[in-house]
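This is the structure, below, for whatever I ask next.
Going by the order they are written in, the chains are A, B and C; count residues from 1 in each one.
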Amino acid sequence: MSDAGPIRISIQEIADHIQAEVIGDATQLIDHTAAMDNADLGSITYLKDKAYLQYLSETQASAVILKKDLAQQCPVTALVVDDPYVAYARVSQLFYPQPPVVPGIHESADISPEAQIADSAQVDAKAVIEAGVTIGENCMIGPGCILRAGCRIGDDTRLMGNVCIGLECEIGKRGLLHPGVVIGADGFGFANDKGQWVKIPQIGKVLIGDDVEIGANSCIDCGAVHDTKIGNGVKIDNLVQIGHNVVIGDHSIVVATAAIGGSSTIGSYCAIAGGTGLAGHLELCDGVTVTGMSMVSHSIHSPGVYSSGISVQETRQWRRNHARLHKLDKTIKELKDEIKSLKSERDKG
Amino acid sequence: MSDAGPIRISIQEIADHIQAEVIGDATQLIDHTAAMDNADLGSITYLKDKAYLQYLSETQASAVILKKDLAQQCPVTALVVDDPYVAYARVSQLFYPQPPVVPGIHESADISPEAQIADSAQVDAKAVIEAGVTIGENCMIGPGCILRAGCRIGDDTRLMGNVCIGLECEIGKRGLLHPGVVIGADGFGFANDKGQWVKIPQIGKVLIGDDVEIGANSCIDCGAVHDTKIGNGVKIDNLVQIGHNVVIGDHSIVVATAAIGGSSTIGSYCAIAGGTGLAGHLELCDGVTVTGMSMVSHSIHSPGVYSSGISVQETRQWRRNHARLHKLDKTIKELKDEIKSLKSERDKG
Amino acid sequence: MSDAGPIRISIQEIADHIQAEVIGDATQLIDHTAAMDNADLGSITYLKDKAYLQYLSETQASAVILKKDLAQQCPVTALVVDDPYVAYARVSQLFYPQPPVVPGIHESADISPEAQIADSAQVDAKAVIEAGVTIGENCMIGPGCILRAGCRIGDDTRLMGNVCIGLECEIGKRGLLHPGVVIGADGFGFANDKGQWVKIPQIGKVLIGDDVEIGANSCIDCGAVHDTKIGNGVKIDNLVQIGHNVVIGDHSIVVATAAIGGSSTIGSYCAIAGGTGLAGHLELCDGVTVTGMSMVSHSIHSPGVYSSGISVQETRQWRRNHARLHKLDKTIKELKDEIKSLKSERDKG
């Protein structure tokens, strides 16, 4: 959302940045990125796969990032790479860098004298920073953020507005936490004493690795005894719930409104799609993908893709299927019995 | 929740407001609204449908809003309209208006000198308003709200506490955003580079129409390249997730905890019920209703009602049905094979 | 998460606190609690059930809380109780008490002169407290909390950061509300006037009992006309949605990302598991448990356990079952017809 106006980069510079082979004129200046289907003069676009190939021959873009086998068909300058989408992401970061950090502490922020804040960090209006907090180099602490005692924020991490970080929690480097994120609230732990709930103090922390992004209003609870741990490079979408003691391995993603039950462990390179729920105390090995709106109620020990979501039908039709599903066991037993009886009579006959 | 005490309105004035025909004494003063089953003296109530007809003959209300065909049975003053529920909503707005806007900026708010705030607007304590923000006439910006640079708030819009509006986002007129709403956080967009996620800058805005209400802690992400757009008259409940580039047509509603995947388009006059999830890159035409806890994983091109939610059974019974469902394909194949074999033997015999 | 360092308690004192029988040396000092599988010297741990019995013989803990029948096998001091998990919860509370309340109002808080705040209460930085608010003894109002006019907070209740309490809402004693909780936002109530939505003013309050805990970013809407009511001892997890007019009985729990539709009533001692959704206008009697990711669309009048969640399979396998489910009614009709036809021929033969 930064103003891209003043940034102009030559195709050659872009190609060097993404290690692309240039076919065509490399001297032109590019000033923005664009989607394949509405790219205009001065823009660079990309061809992810053949779905958008129809737009290539008449593109108005000044340059196109694509794979080698399509370069011949490119009417403008081609930047040839192995993975055009990844290359596009890196080019886009060139044109739309994060807003710069402006070092300094806003006069309306409330800072404990016992907090350690790097001189290069930016602390915005109304932020509250308690004793023992450590904030690294080039951090940006947005308006209204609350950093509870003893928490630690790694270099180059940005907390957008109204983020709450609990006692002694740790966020790694280059993190990005969107507004309303709550890290380190109490896990949901109670013992049942003849019907009434007795709280079990939640004394663990949340430890978050480097390069982690967490979406708006998502929650990661502190551990009950051990710590809740989020690996490096993990990306978490909006309104996600992560329970106490959960461990998520490096480079996994969790999509919006998913919920991970307490004490579950998710491996590396996993993908938990939107709306999916994991029960507590499960283990998912590396490389597990769970598709949207599924329920995981047992551990998964083989990498692969797993599902249980049901897609919609017209309600009239769905109701009939639903009614059958509610009687499925009985119906199948009856059908089997009828067939058995027919067969037994046949055999007698 | 405003104090209704001092408001007293004659039945005639109410009838004029909702264009009702009065049968009975129109001079009485009404001072509150009430539900049909416990309406008392001085109240006005309504009869939505015949479900509550039993209460009509003995009602203590001073007036009842109802349809023509029931007016004869009304023992007190009747206000005859076509749609009693809509009329009741408008009468209720008379008795319980929104709290008045008190123009002025609280001394503890942090306001950029480069923001433009209408003199008639109210800005509450601890609000943070950055450069280039525009706030229209009679707006109410609640405590702790954060308005990022360049965002625009239309006339008569109210942001309750701790709402965050992202860079350059636009909210229309007469909007109502409840506490904790986050507009314009980054969409969830990454390219996968051999297992690691590379962020794609999210450079679109969120554009929200007039008369839009958004429930507590709901999130609407900014667009990736194009903008995320919410039409006029759209009503969004609490804890709803709306991904980047989503477009929602006029007068649609999205109920609590629903999630709309990125780049999906929802038509006008649609209803997405609670807990429902839409995958990304789908299109729903105008007039689509999706019932609760359903999953939409394909586009819908015909108006109508769609479902896939499954309602509970006793767990013992559900488990048996669930086990059958997990083997449904195999079981049906087997049943078909058995029948086929019986038929083939019959035909041979 | 409090620093347990200085707290040292003799086994005898602990035993007295939980009314346990001590077998072994009661004079040792304990300084922390630990899990059975990694308990070290100076710690007290517990044996909830026989699943962890393997660790007992070689435990390094200084004391173990367990049931009478296992006491003989305990190599260290045993504390015998009926319910070791409940006893452990109480012992853990001894070692990890909530941080102490530090009476006083932070200079950066914004307090109406018409608010009544007990001298023993703590009000943190950037809190906003409006006219007519009452805050009881020993309350802790965290940073950035917003207490709207007329709301009441009972003794010993703690609101963590950025909590919003709506107009005239009431929270009981010993409550604990985690960051981002929104109490008393408008319920989702509209009448449909030929396609357009007309707002119905939401004029009820939220009334919350004693000993209620509410997780991060959860929302409880105010009533439409009547009040929304949460009973004593209710525990609500993160990102939970509770609609207008809902009533929840004493000692029930609602787990993360569950949603309770408006005007539904849940009895006492109920458990609504994570991701589960209740439609509106339902009634659940006392003692109902609904397991995870289920949908409740009808009232439940018998205590018991209810489910409709579907657990994942490999996607390849699930897709085949899903395709069968979408045609279930048709397929079963066909199978029945085929069998009927076979039987009728048999009978003719």
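Details
Everything that follows uses one rule, which is that a residue touches a chain if its C-beta (ideal position, glycine included) is under 8 Å from a C-beta of that chain, and two chains touch if they have at least 3 such contacts.
Keep in mind the model is a prediction, meaning the values are calculated, not measured.
Rotation angle, chain A onto chain C, C-alpha superposition: 120 degrees, expressed as a multiple of 5.
Look at the contact of chain B with chain C and you find different residues on each copy: under half of the numbers used there are shared. Chain geometry summary: the mean Cα position of chain B and that of chain C are 26 Å apart.
Counting only residues that touch two or more partner chains, chain A has 108, 126, 144, 162, 180, 217, 239, 257, 310-311, 313, 325, 328, 335, 339, 342. On the chain B side of its complex with chain A, the touching residues are 108, 110, 126, 128, 144, 146, 148, 162, 164, 166-168, 180, 182, 184-186, 188, 190-193, 195-205, 217, 219, 221-222, 225-226, 239, 241, 243, 257, 259, 261, 277, 279, 290-291, 294-298, 300, 304-308, 310-311, 313, 317, 320-321, 323-325, 328, 331, 335, 338-339, 342, 345. Only residues 1-2, 4, 33-35, 83, 85-86, 88-90, 92-93, 95-97, 106, 108, 124-126, 142-144, 160-162, 176, 178-180, 213, 215-217, 233, 235, 237-239, 251, 253, 255-257, 269, 274-275, 292-293, 309-316, 318-319, 322, 325-329, 332, 335-336, 339, 342-343, 346 of chain C touch chain A when the two sit together in their complex.
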